[in-house]
Structure formats: C-alpha cells, structure tokens
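Each structure below is given as structure tokens.
Look at the two complexes coming up: subunit A is in both, with subunit B in one and subunit C in the other.
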Partner chain A sequence: MTERKVGVYICHCGGNISDYVDVHKVRDVVESEDGVAIAKTTMFACSDAGQQEMIDDIKEQKLDGLVVASCSPKLHLLTFRGVAKRANLNPYQYVQVDIREQDSWAHREDHEGATEKAIRLVRAGIAKVRQSQPLKPTEVETVKKALIVGGGIAGLRAALVLADMGIYVYLIEREEKVGGWASKFSVMYPHDKSGKELIGELLSEVAKRGSKITIFTNAELLKKGGYLGNFDITVGIGGDTNEAETINLKVGAVIVATGFDTYKPKQGEFGYGLKGVVTLPEFKAMVEASDGKLEYDGQQVKNVTYIYCVGSRQKADVENANTYCSRYCCNAAIHTSTLVSKVDPTVHQFHLYRDIRTYGKYETLYEETQKMGSVFLKFDEDEPPVVDSSDGTLRVRVKDLLTDREEIEIDPDLVVLVTGMVPRENAGLTNALKIPLGRDRFYNEIHPKLRPVETVIDGVYIAGAAQGPKNSSESVASALAAASKAAGLVMKGYTELQPLVAYVDPDKCEWCGLCAEACPYEAIEKSTDEQRGKEIATVTGMLCKGCGGCVPVCPTDAIQVKDYEDHTIMDAIDALLEEV
Partner chain B sequence: MTVGNKENEEFAPSILVFSTDSISDPGIDLAGSSHLAYPSTVSVISLPCSSGIKPKWILHAIEKGFDGVFIAADGTDCPFLPDCTTRTAKIADTAQSLLKEKGYDPQRVKMGAICSVCAEPFANHMRNFFNALQKIGPAKKGGGKDGI
Partner chain C sequence: MEYDVLVIGGGIAGMESAINLGEAGYKVLLVEKEPSIGGKMILLSKVFPTLDCASCISTPKMAETAHHPNITTMTYSEVMEVKRNGSGFNAKILKKPKYVNESACTGCQDCERACPVNVKYDEFNFDLVGRKAVFIPFPQAIPKVAVIDIDNCILCGACERACPASAIDFTQVPEEIEVNVRSVIVATGFKLFPAERKPQYGFGKFKNVINAMQMDRLLAPTRPFNTVLRPSDGKEAENIAYVLCTGSRDRTVGNPLCSQICCMYSIKQAQLILGALPLADVTLYYMDIRAFGKGYEEFYKQTRDMGVQFIKGRVAKIEERENGNLILRYEDIENGGRVQETEHDLVVLSVGLLPTPEITSIFKEEKLELDDYYYVKQVDEDLSPARTSIEGVFVAGTAYGPKDIPDTILSAGAASSEATAYMETTRRQK
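What follows is the complex of A and B.
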C-alpha cells in the first residue's frame, strides 16, 4: 500500500473521448486503485472551470500526485503542469495519460476495447505517478536569433517584428527574390494597394533595420541539428548546382513561412486546355495587364463565366483529392469581378458556384459585384457545369439550383476556373525539419485553436499559407503569432530543460566506463567515491540530455534516467496487464 | 477484447509499444487524429529515446503477459544520438536472445522506425504485427507455439 494521495481526472473532451470511451466506467474502476484519493470525470479538463476544480481538490485534499487522462501530452502537458504548480504541487508529480489520440480516436469502432484500454492506460499513469518524485527543471541559455524560412508577406512581416523586439533575424528564400505571391498581386482588398506596393513597403522597412535582418536568396534549409533554443541550421546557397555553398547558422527558433502553390487543373477538367479556359491567377494577370478594355487572343471579352471550387472540396475518391475548402478563392474571384466591372462595365459576368464563402468584410464585396451586374448560379456538386467547344463555340451548360434546376447555356468568351491553394512542394524542408503534414498535406499545427502556430518540434513554428489556405491578412496575423511565440522563447535568454536526466546509484556502480562511452555529450565522468572507497560514474546534469542511451549498457543496472527507472517502467507494464 | 489467453480464433494479441516522446509518439498521435484504426489491445509507453530501452523490460512485458513488444524507434530522426538506429537494433537483438533463452519466440519483439509523421506506417505495423502474433499464439506459458 502506498501513502500517496493521487487525484485522477478523466476528461470527456466534449465527446471526443466520451463518445467512444465509457469515462464513467473508467472512473469507477480506477477509483479503487492503490493511492487514489479522488477520481472524477470532467467535461473539459483544460477549461478554466476544469482546471480550478483540480486546483481546489489538490489543495483541499492535500493531493501529492495528479493524473489527467485526456488528450496527447503534446497538447496539454504544460497546461496541467501549470495546474499542479498553481496548486503548489510539484509539476513532475503530474502524469498525463493520452486516451484521445492513442485511444478514442484510434479505436472508434471498438467502444468496449477503447474503454478497457483507457482503464489500463490510466492504471499505468497512476502507477507512474505513485513513483514520481518532486523535480526541478534545468535552465539552458537560448540563442537570441531566429531563422525564417520563406520571404513572402508572412516571412517578411515576422522578420520585422522580431527585429523590432531586438532579435537577430536570418531570412532564407528559395527564389531569387523575396516577396512571394503577394509581390505579383495587383490591387488588393480592402486597402486597394497593390501587392507590389505592400511588399515594397515591407522591404524598405527591412532595409531600415540594417544588420538586424539578414536575407539569403536562392537559399534552402538543408539540415537541422541541436535543440529548442539552440538549433544548428545548415543552409545551402545557390540552388542545387555544384557551386552551392553551405553556411551554418545558430538560432534559437525557426519560423516556417513557405506559402502555397495554386491548383493546376488537369487537362480537360472543366474544359481546361480548351481555348478560352483559364485559371483565376491567369485571368487576374490579364485583368491587371488590360488597358481600358479586356482582351483575349486579340478579341474583346464581353462575357466571362467563372466556375468555383475547382481543385477544392473534391470528393475523397479523386486521386490526391483536395477535400478542403481553400477559403480565399470566393473572395478572390468576386474581387476580380469587381475589377473587371471597373475596367469595362458592359462585360457580362456569370458566377457558377457551389457555396459562397465571403466572410467578414468580403460580404460587402459580394453585394457590390451583384449590384454591378454579376449573376450568380448555384450548381449541385453531383451535377457540375460542363464546358465544351465541340461545335467551335465555347459553351458552358449548368443546371441552376436557384431556378429549380433549369438548364442554362452560356457562350462565354472566357471561362475562368476559380482554383484554390495547394501545399507547396517542400519535401526537402519537411524532411530536414520533421514537421508533420496534416491530411490536407499542408504543415500541421499542434492545435488549430489552442496552439495554432506551434509544431510538435519544440522551437519550430509555422506561419502563413504554409499551414493551410489563408489570405494575406490572415497570413500576416499568423506570422505575428509565430513571431511572438519565437520571441517568447528566445528573449528570456534561457529555457527550461526537463530535469529528467540520468543519475547513478553509487552502491551498484563498479566503474566500467561503458556508460561514458555510450554518451556522446560527455555528460558522464569517472569520479572517486571516498565514502565507499571506489571509483564510480558521475553524471553532469547540465550536459545530460536525458536520452537514456547509457541505461541499457550498464551491466549492474546502476544508471537510470529520472522518471524512467526500472521500477517505474515495470510497474507501468504490470498495470497495463491487470485484468479489466 | 480482453488481454490474455483465449481461444485462438478470437485471440486478440496484446502489444506493448515503446515509443519516443519527440519522434514516434507524435506519429502514433497522428494515426489517432487521422482516425486510422488499429487494434485496441495496443498500448504505448513513451520514453525519451528508443536507445534507452532495457532488454529486460521487454522480457518482463512478455513474461507478465504481453504477446508482443514493438519498438517504435527514432531511426535517423533521433534528436539525441546519431547512431540511434544501430543502438536500438542492438537492444532489439539482445531482447530477442533473452526471449529465446526463456523459450519464447523471438518474433514477439519487433522494431520499426516510426517518424513524427509516420501515422500510416504505424497503423500498418500494428495490424501486421497483430496478425503475426495471432499465428504465434498467446505468450502465456503453453499458450502459443513457442515450444514452452
């Protein structure tokens, strides 16, 4: 029997857990575990109310251990360590048990199995917390420099705010010039500035920061070493030619702002490849180049027909389907149509759409273009418009849902395919940084709401459309968020490393040197134990990374890593195997 | 599903996975977030690095009733040790020898590199290992084809 008083909280996570795991059953079973003083279910353990309940319980019941069974520790380990701290419980006497990512979400078709697994996992967590000791983290210095990958509007904006906070910035750009997509855009909504102007302004601001911001173009990130606050980055400059030179940068944080690519329709997709069928970016370039009248192939354009959701919201059975909504394209197409009306108000414009997503201020643009004469026709996703020119005339046929599926034929001069955003080809970077891709193949944040710019790689952040379709202001907003996260890490000058390092039991150690050989960080040395009159191994905590590489090589089981000792692991194994 | 010895046709092997906090655990999380199903008899214990697994923990797990142990290794992504793959492979080898000595089928230990985005490889590994263990049978003495 243990003397410990452990509090166990099993989270519903709304229904993310409790729809698949019988959380009440889990509570009822683990309540009687040795050392459990209190066991509760909670709707959202991470909510303010949920956190406060735990703090009150810890204080009132004088708990000396906390187990929260909820989501992945990647998400909320720090949240609940904070709870422990605020309740005057050592944060290392808290154990998070993942019953969401590693249970309810993975076993959605097996409720009984998921519930049994949750019971076993929580028991293992309780076993672990029973062995826990109060620990203090180690502080390491952080490098007050940041690396930004990608010199588009997001990357440049992040560079400026970081520099203004006194952080030295390296910005690397794969292309010959910085500026990204925005630098190619004509007048933008709602400020009516051109992208070129915007980027120009940012670049002149960058120039004012002098040596605080260093930009490398034709540069790619090749390798990342080191750790949080102390990354060693190798950058290749000069593309993939033999002349490429490499430089090494030491930075505390990395922001990835590599942007997006535009969807390229397949040949024949909505008539793509036929004369007169263009994508939205191609059409925008034409509108921008037009001088008083809109022309295509030497002919004046009098009728433009837009087809929305091309390459977005695709059905899952399409090869490499983009099932997501690109969110910016409705706004971009509608904005472009207002520009067309300004160039030539007599142009007829037909918008064939599935749904319109003109959120926020864009809604007024949607109204404006209708007042200017644009006509909107809604089609069924199962009966998309058909584009052909078999009789020599470009023709679009569509069944309009707004007029009870009346079939409408349009003979436009131009068909504009409103294409969405797709992730950029970045295999090398993804591989070097090891940041995960989501199901949409864009870079994945830890949590879209709670930790929207952080990745599972500590100290590596994502910003802009590299993370998913965003317009320029949304990209900038996320760039500022990433910059503040990066600044929060490097400005303090130090960060806390986990105190979970190796230590030696002097009674068991009979210095053989194998552990020292196994440690590439030179954290283990031979020393003399006067008291015992023998030579033993000693660990320098600051140098130890806590990897445990020394642990299996010890012939006498003398060296262990805190929190991962033999008894901790074996207790957890035993707890996992108890009958449910 | 119940862990342990049952009739072979409904035998659901229990699998212990040793994963790593920064590399394979995010990959295993991603399998869940992507709703990739694998058997619920798979349980994970996470460590800092796969080179820190003790072979005797593996033996302990099998002797106490797990039917198989999977090492979700850091591979070349290990943030700590450049030779992590070699080290982890050695640990798996040692664990297999220990099992053999005790009369267990060494195939009850399996190792695979699982990176932080290896959601699908992980789910596939689990399904395949589960099927392989079903053929070997339960680890509990006399339950399987280990010859003990």
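What follows is the complex of A and C.
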C-alpha cells in the first residue's frame, strides 16, 4: 500500500466525454484504487470553477498527486499544472489522462468499451502519479538580443519595434540588399502607398536606431546551437558558403521572416510563353512604368484579360499542387486594374475568375474597378479558360457561368496570369532551425488559430508570408506579433526550462556512445567519472528536450528520463492491463 | 491605482494583448463590460479550419488571463472616460453591481434553480432558450459568478434564501474607479448584424429563420437541445439553407464591406451539421466563396466533397409556409440566371459584422478617429497597423475591421508590440 494521497477528476467535457463514457462509473471504479484519496466527476475541469474545486481539495486534503482525465494534454497540460502550482502542489505531480481524443471521440459507437478503456487509462494515470516526484524547472538567463532572418518589410518592421523595446537586433538578409518584394513595387493596395517609399521610411528609421540594429547582407544562417533564450547562431557571410566568412551571434530569440516567391507558370500553362502572356508581377511593373499610356512590345494596349488563380487553388492531382488560395492576388489584380483605368480609362479589362476574394474592406476596391468598367466573367474549375495564338491572334476562350456558360472569345492585347505566392526555397535554413513545413510547404505555426507566429521550436518565431500568403500590411502585423512573443521571452531576462530531462546512472553506464548518437539535440557527451575511474555519458540538461530517444538504445539501462523511468512506465502498463 | 496598460475588451484580442504584455513584465488592467471574459469566441461551437472545439482552446487563454500575476481583470465594468494625464492617461471605470459578492459566490447555480423569473433574453444562447433573472453567464465563465439582471428581478429574495454562501447582496451600488495608465489598447470587438434589418428574410417573424450565431450554439458541446432542432416545432431539421452575405456587401443596409468570416463559419457549420444530422441536406447560397486564409480553401474543398451544396445566387426573399417551412427565392446564376424557388425547413442567416463606434465617446479632449465605415481608424495601416489617431492608444482585433481568429491574434500581437515600444521609448525620453 502506498502512502500517497491522489485526487482524481473525471471531466464530462460538457458531453464531449460523458455522452460516450459513463464518467460516474469510471469514478466509482477508480475511487478504490491504491492511493486515491478523492475521486470526482466535473462538468468542465478547465473552467474556473472546476479549477477552484481542485485547488480547494488539494489544499484541504493535502493531496500529493493529481490526475485529471479529460482531453489531450496538448490542450490543457499547462492549465492543470497551473492548478497544481496555485494549490502549492508540485506541477510535475500532475498527470493528464486523455479520455477524449483517445477514447470518447474514437469510440462513439461503443459506450461500454469506451467506459472500460477510460477506466484502464485512468488507472494507468494513477499508477504513474503514485511514482511522481517533485521536480523543479531550471531557470536560465535569457540574452536580450534577437535575430531576424529576412530583410523584407516584415523583417525590417520587426527589427524596429524590437529595438524600440530595448532589445538588440541582428538582421540577416540573403540578398545583396534589404527591402524584399515591397521595395520592387511603387504602388500597393489599399492606400496606393509606394513599397519603395515604405521600405525607405523603414530604413531611415533603422538608421536612427544606430547600433541597436545590425544588418548583415549576403548572409545566411548556417547553424543554430545553444538553448532557449541562449541560442548560438552561426551566420555565413558572402556568397558561396564554402568560402563564406562565418560569424557567431548569441541571441535569445529568432524570428524567421523569409517571405515568399511568386508562382512561375509552366510553359504553356494558360498560354504562358506566348507573346502577350505575362504574370501579374510582370504586368504590375509595366503599369507602374507606363507614362500616360499602356504599351507592350511597342504597341498600345487596349484590351487586358486577367486569368485568376494561376498556381493557386489547384486540383490535388496536379504535380506539386498548390491547393491553397494565395489570398492576396484577387486584391492585387483588382487594384492593378484600377491603376490601368487611371492610366487609360479606354482600356477594356476582362477578369476571368473563380471567386472574387476581396475580403473585408478590400471589397470597396472590387466595387471601384467595376464602376471603372472592368468586366467580370466566372469560369468553372473544370472548364478553365483556354489561351492560344495558333492563327496569329492571341485569343482567350472561356465559358462564362454568369451568362449560362456561353462560350466567349476575347482577343486581348495582353493576358495577365494572376499568379499566387509560393513558399521560398530555404532548405538550408529549414534544416538548421528544424522548423516544420505545412502541407502547403510554408512554415508551420504551432496552432493556426491561437498561436500563428509560434513554432514547435521554442524561441523560434515565424512572421510574414513565410508562414503563408499575406499582403504587406498583414505581414507587418504578423511581424509585430512575432516581436511581441520574442519580447515576452527575452525582456524578463530569464526563462524556465522544463525538468523532464534524461539522466545517467554512473554505476551502470559503460560509455558506448550509443545514446550520444541517438540524441538529436547534441545534449549527451562523454565525460570522465574520477570516482569510478571510468568514462561515462553526461547529459546537458539545458539542451535535453526529454524526447527519450537515448533510453531504448542503452544496453545497460543506465539512462532514464525523469518522471518516465522504466519502473514508472511498467507500473502504468500493469495498471492498464488489469481486469476491469 | 497605477497600471502600465489599460486593455478595453476581454475577448480574444484583449486577452491576447494582455497576456503578451503581462509576459513582458507590464502591469495590465483588462476591463470587460460583460459579466465574463471570453468575448465571442467562447460562444462558438468549433472553429475553422481545424474544427478545434472553441471552448477548449479559448478556456486556456481565459484562465491564463485571469490567473496571470501581471493582469488584473474587471468584468461587468465599463470604461467611462479616458483623458491624457502627463505622459499617460487617466481612466474612469464604472463597476456595475452584480448584486452578488464575487469572492463568496462558488458558482453552484442554486440561485438559478431557485429563481422564479424566466427571462426570454439569453445572451449566451442568443435567445434560443431564455434564462433566469439571476444567472451564471455560461458554464466556462470566468469569473464563474452569478449576476442578477436587476431590470427583470422581482426582488422576491428566493436566490438569497437558496444561496449556501450568502453571496447575494442587494445593497451593492455602482462603483467608480480611477486609474492611471501609460498606454491604452482598444479591443472592443464587433456587433453582429441585426438580421431584422433585412425584413425580406423574415428574421424575428418566421420562427425557422435563425442567425448563424444561434446555429453555432445549437451545434456547440454545451448546446441547449443536444441536437439541431428547428424552433417552430422542435423537429430535427432535414434540409437547411444558409443565406450568405446577410448584412454584408450590401449598400441597402449601409454596409458595403465583406465581413470576412461568414463564408468560412457557414462552411464549418455545414460540416458540423453533417456530423450532427447525417441525413440532412445543407445548401449554401453565396455570392463568392471567400476561403482565403491558411488551410481554408482545402477545408472548403473538403466540404464540397462531403456533399454540401453551393449555389451562387443572392437570396431575394424568404416566405413561410403553413408547416413552418420556408421558400427561398433566388437567381440561380450559374444555371442561366433563372429565378428559382426552393423549400427548406430551416434557414440560417450568415450575418456579418458591424463596428462598435461608441468607444470613441469615452476619449476626452483628443479624438479617436473612425474610418469611412465607423471602425477605429488605422492611421498607418501599412507600417503600424495598431496605431490610432491618439498617441499611446492602440487598437486590436475587430475593433478596426472584420477579422477571423488568426488575424485577430496577429493584430493583438501588433497592438501589444507597439504599446511596448511606445512605453519603452517614452520611458527612455523621460
């Protein structure tokens, strides 16, 4: 019999669990488990009242272990560790049991089975918490400096705001000059601001910050070492990485703002390659350069036909399909058409689209261009427009859904392919930082709804179009948001590292190096144990992520992860297998 | 009392701004006019495109806000006045009486059960079921404290007698609190378009015409009926229509803007309905499907593949049949533009967002400017999206325009970032 006093709470999750699992039965069964002092059901364990009830119980009954059977620990592990902390219970003496994602949701058709599984899972949780020891996170100082990768509008804006917060900034840019895409545009929606001027404004502000911001161009991130709040970054400067000069930077946080590329149509895709077929960025440059009249190849342009969603919203069976919507292109194309009308109001403009996505206030741009005379034709994704010039005339054929699928022929002077955004080729950087990519091959955030600038790599944030298509002001907003998260990490001057790390039993260890090979974080090194007169493995706790990769490879069972020791896991498995 | 930042509004924009600032070490006062923090998001069922349960992902934010050592939260309180005071601001806040002692109430709901007054308004379920005159706002409310709706209370004392914690206190009076802050973040959110303003759709007149917020409640884990029932006769709906752009992209109601979220929330609800009522047909009547955010287009495609019907055409008029079913009249644009009439047994109006311009009146001496559409004006959208016409006052979330949740989180990050930079630079200048 154990001396432990464990509190067990089984959550209804407002029906998400209790519609399928008999939570009262689970409570009744586990109540008599060894060490359980109190077992209750609760409507929403995560609600304030639910949390308060646990805190009161822990304090009154002097509990030394807490089990909450609810949702995935991804959602509420930190919530309930917080509960333990507020009740003066060590947060690492809390175990979360997932009876929602791994039980009630998975077995909706089998209530009895789901209930039995819940009982087993909760028993295993109780077994685990019985073995738990109080653990303390390691507090480490953070470096009040940040590294920004990418000197486009997002990177530059993040640099400024961080400098203003009193954080020293290094910014590295792969190209010869900072400024990115925005610096190539002279007029951008929605305020007709010049991208060149915006970048100019940012650069003059950067200059005013003096030594608080250091910019390296022709520079690439080669390696990231160190740990949260104390990263060691190796940067290669100057062209070919073999001959590159390298510098080492110590920073507390990293913001990746490497931007996007524009989609390059394949030869023949909507007539690409034919004379008179251009992409939106190419067309935009022509419009911006036009002086009073729009010309192409020495001829005046009187008819422009836009084809939308080129390289976006592709069918999944296309090779390397971009199934996503590129978000900015409807707005950008429509804004460009208003510029064309301003240059020469007599130009006929036809927009062949699938859905016009001028979301929010951009809707007024759509209204404006219709008033200026742009004509919109909607095509079916299965019957896209066909562009050819086989008889010497550039011709577009489209079946217009708005006029009963009538086939319409247009002989434009220019076909503008409204091309979307694609992720940048950044294999080296992605490898060095280990940031995961999404299905769309843009950098993936940790949670698309609530944590859009954070990544699974603590201390590494993503901003701007590197995370997914965005226009310039949206990129700026996300850069500022990333800066806010970085500031939260480095401004306090310290952060806590989780204590669930590997440790070595020096008596058992006979240094073979297998654990060091298995460690993806370079956290294990060989050292000499003077006392025992042998070489053993040593774990650097600040680098260890507690992944456990080292544990199964050890031939002498000398390495363990705290709170996940073999005997704890065996106990949990035994409890799981016990008859219900 | 002194704080670094006053955050007005406790929805996700306000909470996210407050948490960011609290994490960076600033003292934050967050003021929410409703009895609980959480805003609109906590009322939702699931969110697109991940179908995360909205309350599961908002409650951690709510709890973090409420328990953060650097954040003080005031609910059921309104900021009445903000005035410049030296390099910062002086704010007057009215704390409305809940008639319940907040520290004594345990949220047990005995008062609710004892109260004899049924009120037909219901802020949580959007009038679907009504509530009592004393009520807990909703199951995950923070703070989970009862509030007495004094306008409907008959002062019978039943709640007082029922309360095991003696928390009911009819002697409470409004309290005015004055604070000094260095910076202000306006995160006052949006209003839903009142569907009555499109009388041709019959909302408020035809029982089976509901708005999308009501449908979200019908689908939520804390749903009132445990299935999707239509209001007129409690029958499970079999053939549901969505009317998109209700009150958006519509100059006849004075709102030319696209509300940015209705396409996606309607698509999300369609998926959830297919789960709740596997035999039901769902049809969306739309102008353009605006699935523009990360993962949205793929979610839209998946919904089409699941069998949800999408018909391009704006609904002109809805009529009610004797059995409560509804006839939708619309132009079927992609099929020759013929005027069609189709019968459905439940109609959901995908209402858009409207601004909350009232917030400008609290700013004295300096003017918080609005844009052409009565949203808080961004004076430098391109480079400082959170900046307003008043130095030191920033804006976050839908207070400056329609936004989905990820964009709201980004804008809240921008506001906290700019407020931090503002406070640090003014501090250094001093």
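Rule of thumb we're sticking to: the second predicted complex is superposed on the first by the 385 of 580 C-alpha atoms of A that agree within 3 Å, B and C clash if a C-alpha of one lies under 4 Å from a C-alpha of the other, contacts with A are read in each partner's own complex, and residues count from 1 in each chain.
We adopt the following convention: a residue touches a chain if its C-beta (ideal position, glycine included) is under 8 Å from a C-beta of that chain, and two chains touch if they have at least 3 such contacts.
Values in this document were obtained by computation on a predicted structure and should not be read as measured data.
Asks: Report for A:Gly15: first if it touches subunit B alone, second if subunit C alone, otherwise both or neither.
Replies: second
Asks: Just subunit B (first), just subunit C (second), both, or neither: which does A:Gly513 touch?
Replies: Neither: A:Gly513 stays clear of subunit B and subunit C.
Asks: Classify the contacts of A:Gly468 with the two partner chains as first (subunit B alone), second (subunit C alone), both, or neither.
Replies: Once the two structures are laid over each other on A, A:Gly468 reaches subunit C alone.
Asks: For A:Leu202 in the superposed arrangement: first (subunit B), second (subunit C), both or neither?
Replies: second
Asks: For A:Gly273, is the partner it touches subunit B (first), subunit C (second), both, or none of the two (neither)?
Replies: Touch status of A:Gly273: no partner.
Asks: Which partner does A:Ala481 reach: the first (subunit B), the second (subunit C), both, or neither?
Replies: So A:Ala481 only meets subunit C here.
Asks: Could you tell me if A:Glu101 is touching subunit B, subunit C, both of them or neither one (first, second, both, neither)?
Replies: first
Asks: More residues of subunit A are touched by which partner: subunit B or subunit C?
Replies: C
Asks: Would you tell me the residues on subunit A in contact with subunit B in one complex that are also in contact with subunit C in the other?
Replies: 439
Asks: Going by the contact rule set out above, which residues of subunit B touch subunit A in the complex?
Replies: Listed in rising order, the residues are 1-4, 14, 16, 22-23, 25-41, 43-45, 47-49, 51-57, 60-61, 64-66, 77-82, 84, 87, 91, 94, 115-117, 123.
Asks: Considering only the defined contacts, which subunit A positions touch subunit C in the complex?
Replies: 13-16, 43-44, 46-49, 51-52, 71, 75-76, 78-79, 82, 86, 157, 161, 164-166, 188, 190-191, 193, 198, 201-202, 312-313, 323-325, 327, 330, 355-364, 367, 378, 401-404, 438-440, 442, 447-453, 467-469, 472-474, 476-478, 480-485, 487-488, 491-492
Asks: List the residues on subunit A that touch subunit B in their complex, please.
Replies: On the subunit A side, the touching residues are 72, 74, 98, 100-110, 112-114, 116-117, 120-121, 124, 227, 434-437, 439, 444, 456-458, 500, 518, 520, 545-549, 551-552, 561, 564, 566, 569-570, 572-574, 576-577, 579-580.
Asks: Any idea which subunit C residues touch subunit A in the complex?
Replies: 12, 16, 20, 23-25, 47, 49-50, 52-53, 55-57, 59-64, 66-67, 106-107, 139-144, 221-222, 226, 249, 256-260, 288-298, 301, 312, 333-337, 371, 373, 381-386, 401-403, 405-407, 409-414, 416-418, 420-422, 424-425, 428
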